[in-house]
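Shared between the two complexes below is subunit A, which has subunit B as its partner in the first and subunit C in the second.
And now, the complex of A and B:
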């Protein structure tokens, strides 16, 4: 069981006459039950890739194996339960909430997936609690909330349906610094405690790197890199191309590595971990 | 959405038609409507069809795009055709089905009506595919300008028109997004009874309408924030330039008008 892309290609048809391939014969193999990060320059195909996981976009060529499901190019039918098992949180969460109140929105998914009213309410309540949404927020309309609250509500609405894979498109945009860390920690918990697979698209390496098991770099519709975050940090060509920034703490550690004879890193450390290592070397 | 509406979309391109002045395209569209109204026989329909095909080839946009533009209206066209076929009693009787009889005149009227309708849509598609909505509005504005002396609020009208044209693709996108949001959480029209299908489609309208109002509001705010005022003199981002090719293009439309009048 995993996520496998075999020679998947996709081209947007409506927008203009001659479009380059948004996905260009992608081969990718990922393990489930991991925290996966996708980075890349704008227009490199990240969002297109995500939408394939949920069946919103159908590949022109190639097959996607997802858990025990197989997604073939249309006109083949989408596997049953795909929408429930793969939850997609949109890049602009305000586009995702369409019911009159947040509470109704949380119930929308579970009710569609044939849960009974009681089950759906229980699932919605649990998701709301997990994302820290109180009753006051649940009774409001999406338009009355701050962008951070909308973001949380959108994620809760997806979690309520109980997906095995959660896919998030730039979930930390429009969040303040502490909420960003909080959100990533929550997602990481989903991964570790519930055994769910979390797939995140982001531009901020610093936010996700400490939690990430696998990082994927996309470039012009192709996969440029798959590996651990600390392996990516040395690939400056990719970092520049994808418009990423190496976290300051990591750069500091790298600069001090030789003079302080610090050990080589075999994982991506948190800032606190780096500070402790430097402290130990100095004293 | 499997059948995306094509009519009303702009498709990027570099063809001759794309580069023409929007005024010449609008003027020739009016000529073309006149020509199509004159069509009333197989021969003239054929002339109109050939001329439209030439224009379509000039846009360098695949024919499949035009077919997709016409598709949503196919039932209307079929209805008009059948109406003519069953209710006209000219020419020779060709076939008798129950109480209905089909006459050769009726058949011709029906097919010609269908052809006229198709040509209208195809040409409207040519205009929308090759011209950005705001340019169509500009062109219309410059045509209406003389009416200003008569007290017609031309500026208000063009502003209204350009805003509504500007919002056509936005509302399509909005529908698509909300559709995606619903589909990704288990919404499905397939294997639902017809009544449920209708109900669910209406459920799509509510969020689209409310978000359209919100967009309109924020657009008004944005215009006010930049001191937009009706009647103020303003320059245009894209100047309209009438070139010789524009004159030639409009003049070329006299050809089908003449031919169609001649063969009628």
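And now, the complex of A and C:
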């Protein structure tokens, strides 16, 4: 089971001012249980692609195979259970919290997906713990939280419903740097320990590179690149067009590779790894 | 005792003066007896973890919030209800979430809104719209509804609307969080130019080391008090401060620290080129002094 887009196209219709082809005959095949990152310039179709994954937007043409489900263009019905199996965290998480307290928001998804009250409470509690939301925060209204806390609450609300695929649009915006690292580590754990698939749209390559299994670069509604993050480093054309910054780890490794005769890069080098390689080279 | 900023600019009149500011929200004291003086034309970055009081501090400065006690003076004028409008007209404020500040039905209308309120002639309004749309690469998007823009485009549109007002103080509250690195770099360069050429006083809140490094002065807040106040290059290499403000040590600093653990001491820096230069020097000399015994 994987995620496959076959010739998927989408054009915004309801917004008269946004009539370009947002997705242009996309063909894409992705494995599940991976940490997948989508990057691209503003307006390249990243968020539009994400919203097709849980049926929030419906393709004009083409088919999406998602796990064992098939999403066909309207008016075909959306597969049963799609909303539970694919959780979406919006770019502005405050848009998806609507209950009086965070705790009620966390319960809403599980109860809506027919869990018993005890099951829903357990799922909500686990998700809250996972995201580091204490009882004090759970008792508050979304309006009483800081932007970082709202983001964590929105992610916890999605996790509580137990999705197999978690889709996040710019999840680290407005989080402090340590929270960003924590969040990425937590999401990575969701892949490794829970077997979930995490799909993240971002422009902060530095934050996701250590965790990313596959990276997708979008360009004007098409897929310009699919591969591992270190394979993208030499594609300066794509990096420039997507407005990305090469992570310092890759830049430093590339600068030191020839003079220190370091091996060919095949993964994200941690600072400890690079320091050990430098030490070995100059000893 | 916090590290205090060495005020080279103390001869300049302060654009913003906060004296013993306290801000209480319910039973929680968000800011505790804070005193800060920001000279006109200075670029100050503010860092701190979520909930440390950063946004509260800047919202007090432009009068969106009212201090529980203490005094705020903007360009020599106490921030009081009777001249809050005058003060606000001098302070541009960009929110973290740009959706919070759109008013117009198109980007053009949105930039024009503030200018119309200043009662500027139509020609001047049009001229400023063109200037700032061009500067922020929005010319093609001027007739788009703000809701149809991507996150980064929205932030640039919001910024254009504020810059067009030509404020003397500009506050950016995590305003670059949605921008990709190219636009962020361009914005930082643009801000640098505005800051130098027009003596714009800048206050930027950020979690990004690169953005914090671009400022002349860095104030680190923790739990409503000033933890450190100094030059970014001096503060951002201190692990304890980074940890307290939940900032992630940049990779290059981590590398310096890992190298030291490996017995190679090249000092600490957040500048990649500086670190490379030190490593080159080490490689070319194979200096036994620089290489310390391994752990």
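Assume the second predicted complex is superposed on the first by the 279 of 283 C-alpha atoms of A that agree within 3 Å, B and C clash if a C-alpha of one lies under 4 Å from a C-alpha of the other, contacts with A are read in each partner's own complex, and residues count from 1 in each chain.
As a working rule, a residue touches a chain if its C-beta (ideal position, glycine included) is under 8 Å from a C-beta of that chain, and two chains touch if they have at least 3 such contacts.
Everything quoted here is computed from the prediction, not taken from an experiment.
When the shared chain is aligned, subunit B comes close enough to touch A:113, but subunit C does not. In the superposition on chain A, contact of A:264 is made with neither subunit B nor subunit C.
Once the two complexes are overlaid on the shared chain, A:80 sits clear of subunit B and of subunit C alike. By the document's definition of touching, of the two partners only subunit B reaches A:88; subunit C does not. In the superposed three-chain model, the partner touching more residues of subunit A is C, compared with the other of subunit B and subunit C.
Shared-chain residue A:143: touches subunit B; no touch with subunit C. In the overlay built on the shared chain, the residue A:251 is in contact with subunit C alone; subunit B does not reach it. Subunit A residues 15, 17 lie at the interface with subunit B in one structure and with subunit C in the other. Across the complex, subunit A meets subunit B through its residues 14-17, 54, 56, 83-84, 87-88, 90, 95-98, 108-109, 112-113, 143, 157-158, 161.
Residues of subunit C touching subunit A in their complex: 48-51, 55, 96-97, 99, 143-145, 147-153, 174, 177-183, 185, 207-209, 243, 245-248, 250-252, 254-255, 257-259, 261-264, 272, 275-276, 279-280, 282-283, 286, 291, 294.
Taken in their complex, subunit A has these residues touching subunit C: 12, 15, 17-18, 41-43, 47, 91-92, 94, 146-149, 170, 173-181, 203-206, 240, 242-245, 247-249, 251-252, 255-256, 259-260, 271-272, 274-276, 278-279, 282.
Residues 4, 9, 11-13, 60-62, 177-178, 180-188, 207, 214 of subunit B touch subunit A in their complex.
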